[in-house]
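Take this structure, written in structure tokens, and hold onto it; I'll ask about it next.
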Amino acid sequence: MARLIEEEQASGEVLAVYADIKVYRQTDWINNFWKALANHLPTLKRTWENVKEVMAPGALDPLAKELVYLAVSVTNNCNYCIASHTAAARAKGMTEEQLAELLAVIGLANANNRLANGYNVPVDERFVAPAEQD
Amino acid sequence: MARLIEEEQASGEVLAVYADIKVYRQTDWINNFWKALANHLPTLKRTWENVKEVMAPGALDPLAKELVYLAVSVTNNCNYCIASHTAAARAKGMTEEQLAELLAVIGLANANNRLANGYNVPVDERFVAPAEQD
Amino acid sequence: MARLIEEEQASGEVLAVYADIKVYRQTDWINNFWKALANHLPTLKRTWENVKEVMAPGALDPLAKELVYLAVSVTNNCNYCIASHTAAARAKGMTEEQLAELLAVIGLANANNRLANGYNVPVDERFVAPAEQD
Amino acid sequence: MARLIEEEQASGEVLAVYADIKVYRQTDWINNFWKALANHLPTLKRTWENVKEVMAPGALDPLAKELVYLAVSVTNNCNYCIASHTAAARAKGMTEEQLAELLAVIGLANANNRLANGYNVPVDERFVAPAEQD
Amino acid sequence: MARLIEEEQASGEVLAVYADIKVYRQTDWINNFWKALANHLPTLKRTWENVKEVMAPGALDPLAKELVYLAVSVTNNCNYCIASHTAAARAKGMTEEQLAELLAVIGLANANNRLANGYNVPVDERFVAPAEQD
Amino acid sequence: MARLIEEEQASGEVLAVYADIKVYRQTDWINNFWKALANHLPTLKRTWENVKEVMAPGALDPLAKELVYLAVSVTNNCNYCIASHTAAARAKGMTEEQLAELLAVIGLANANNRLANGYNVPVDERFVAPAEQD
């Protein structure tokens, strides 16, 4: 387990990232993921900048992005990420019914991915053609 | 590569599933995934029933479900599934900007899953508590 | 793509492994996996010794072992391994019905693994206890 | 962690599935997987129907199917599934020797999958041809 | 397949990234990965900045970083990444003997990961203690 | 959880492997991985022989091999393996800065693997050609 850098131990540069996280997320606490990344300032800064840029509202809304993030985390069985992003998705409005449907889709896709692998299904021309015509 | 069961070769029971796929999806063709599954009628029928039930509009809309399905397929590197569900998502209205943002979130989550693993980040109490209080 | 070491190019030590493969498997050809590993003699020898030891008849029969090997390969989406071990399983008697059931189980397990992850299901005491009592 | 729906809290429809599980498996208890799925009745019902259909005796016997299920779960590192399906396989007669051989095959296949990936081994014509001739 | 943005089609901002890649890598061509990312300028820019920062010489030298990158790509079976980073590692001095040893370690780790999963090996206190004392 | 075979319980053949581990690693204790494998003597012996051969100093030095092993374990989220091989890498001289850079590369590669998958980037001819010319 990595050492968690609490605020009282943090350098000025780490504190600056923590402060930005709090303002950006309108929250008063820092979760352990960031306290672990704070062991390496470049990783802390780069990861936070990436998260802000990628998870910002855009063509996909923030809840849709959280659902996708959670789908990846469940597929990879990242226990921490499942816990933190289930909480994050709920904070952005995910209902229990939506969570249940999300998990159902994740299960289905993981099953069907293997049926496609195992039967070694060739890609249909109609799926290839449009992309090549782009 | 599995044998693909074309309509002219298909049994009545397989044809019935193909017909249901065409009606349900309002399309005139069957993609190779189903033609491969048709080598085993119970798998064809069960998978199609699962897809209809899980991917139907519900608390999550069909496009949100396609994005989640695609996120799983990209994480697992299922080439067929990426091709077919990119096409399916586009058919349900996914724009190129949305696809790009989707892939960005998938990449980010895959990276951060490993940072959480590698630093062995302990789950914050705040993430655990609400679920246990349910 | 790795260079494939054909028999006419192979060193004496590589040829000795190829000869052992042919005798052990009662076959007259070497598939590409071994020709690629032959780029590194220690890997060729170690992998072949491991395969002979692990895949030999034991408490599990050779077909059961092939099915397990194939289940892993399909889950990991190793295209070469799926092709070669589908052939190997057929050579050991796997029927098309058995292959279809195998793929169905693989799909189901991949789905249910993610439902267990996503719901973060705690391990039942009854599952833990017996092992600890061992 | 998902809320676990105990029998005293369960709706009639959930109880009906629980009752079917008990009868089908000739057991007097419900393991946590089902109690978690019971948060979403359609997922509970669909998953149980899938399990009954796919894991039933067929061209592969129930123990062979459990071994395959366990191989997938170990490859994916699903802790809950490893615990529950190790127990299930033992209940169906798996010996400690069989478990050890199973894990050995799983390890070997996971290793060789990556050797095939890393050397980018091309699929042998002999492996492709029979399937295309089907 | 994504549209590849060739230099003649690229916007000024994409061309600026391409130019930076060429200068930084002292090369006269752009590989397809970047031409695909160029479909989404923010992803192109962010990914290139991340690569420059993370892959730069530091406490680990560039070749060690390439070997780690390749180990991840082989484990995930990313065909494009295996091809491009095998080439990149060779360009940074990787010998054929080093590649072979790398693949051997990757195979071994993938096997032993599953033995640890399957036997559900508890983490030794000695491995936990130092990190908690940090 | 597997039974751990402590030295007092171990057979002579298991003790011989334990003794070899202690001598080879110049240590006075056996970590739980080996105590779990000791449930199956052939797996214990084969795995230890494989580890000795593959992890020995060669064209890659022992620390480089540990970093690669750790990269695989983090990608696969093998909790035991992450703990044991982080300790092993530190014992071989890995600094905290090197660990942080290692995790950064692992994260980056896992992200970029999915961007390559999702955009279905075709392998550049320059990456294919040299290998085929070998």
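By written order: A, B, C, D, E and F. Residues from 1 in each chain.
One rule holds in what follows: contacts are C-beta pairs under 8 Å (C-beta built on N, C-alpha and C of every residue); 3 or more make two chains touch, one makes a residue touch a chain.
Since the structure is predicted, the reported quantities are computational estimates derived from the model, not experimental observations.
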{"item": "Touching subunit A and also subunit E, the following chains", "value": "B, C, D, F"}
{"item": "Matching chain pair for B-E (criterion: over half of the contact pairs shared, by residue number), options E-F, A-E or B-C", "value": "B-C"}
{"item": "Inter-chain centre distance, subunit C versus subunit D - centres from mean C-alpha coordinates, in Å", "value": "18"}
{"item": "Rounded Å distance between subunit C and subunit E, as computed from the means of their C-alpha atoms", "value": "27"}
{"item": "Separation of subunit D from subunit E, taking each centre as the mean of its C-alpha atoms, in whole Å", "value": "33"}
{"item": "Of all residues in subunit C, the ones touching two or more other chains", "value": "1-2, 39, 42-43, 46-47, 50, 54, 75-79, 83, 97, 100-104, 106-108, 110-113, 115, 117, 119-120, 128, 131"}
{"item": "Arrangement of touching chains [line / ring / star / complete / other]", "value": "complete"}
{"item": "Touch list for subunit C against partner subunit D, complex", "value": "1-2, 4, 29, 31-33, 36-37, 39, 43, 47, 50-51, 54-55, 58-60, 64-65, 67-69, 71-73, 75-76, 78-81, 83-87, 90, 95, 97-98, 100-102, 104-113, 115-117, 119-124, 126-128, 130-131"}
{"item": "Touching residues on subunit A, where the partner in the complex is subunit F", "value": "39-40, 42-43, 46-47, 76-78, 131"}
{"item": "Residues of subunit F defined as touching subunit C within the complex", "value": "1-3, 42, 46, 50, 53-54, 128, 131-132, 134"}
{"item": "Sites on subunit B touched by subunit F in the complex", "value": "70, 74-75, 77, 79, 82-83, 102-103, 106-108, 110-115, 117-120"}
{"item": "Of all residues in subunit B, those that touch subunit E in their complex", "value": "77, 96-97, 100-101, 103-104, 107, 120"}
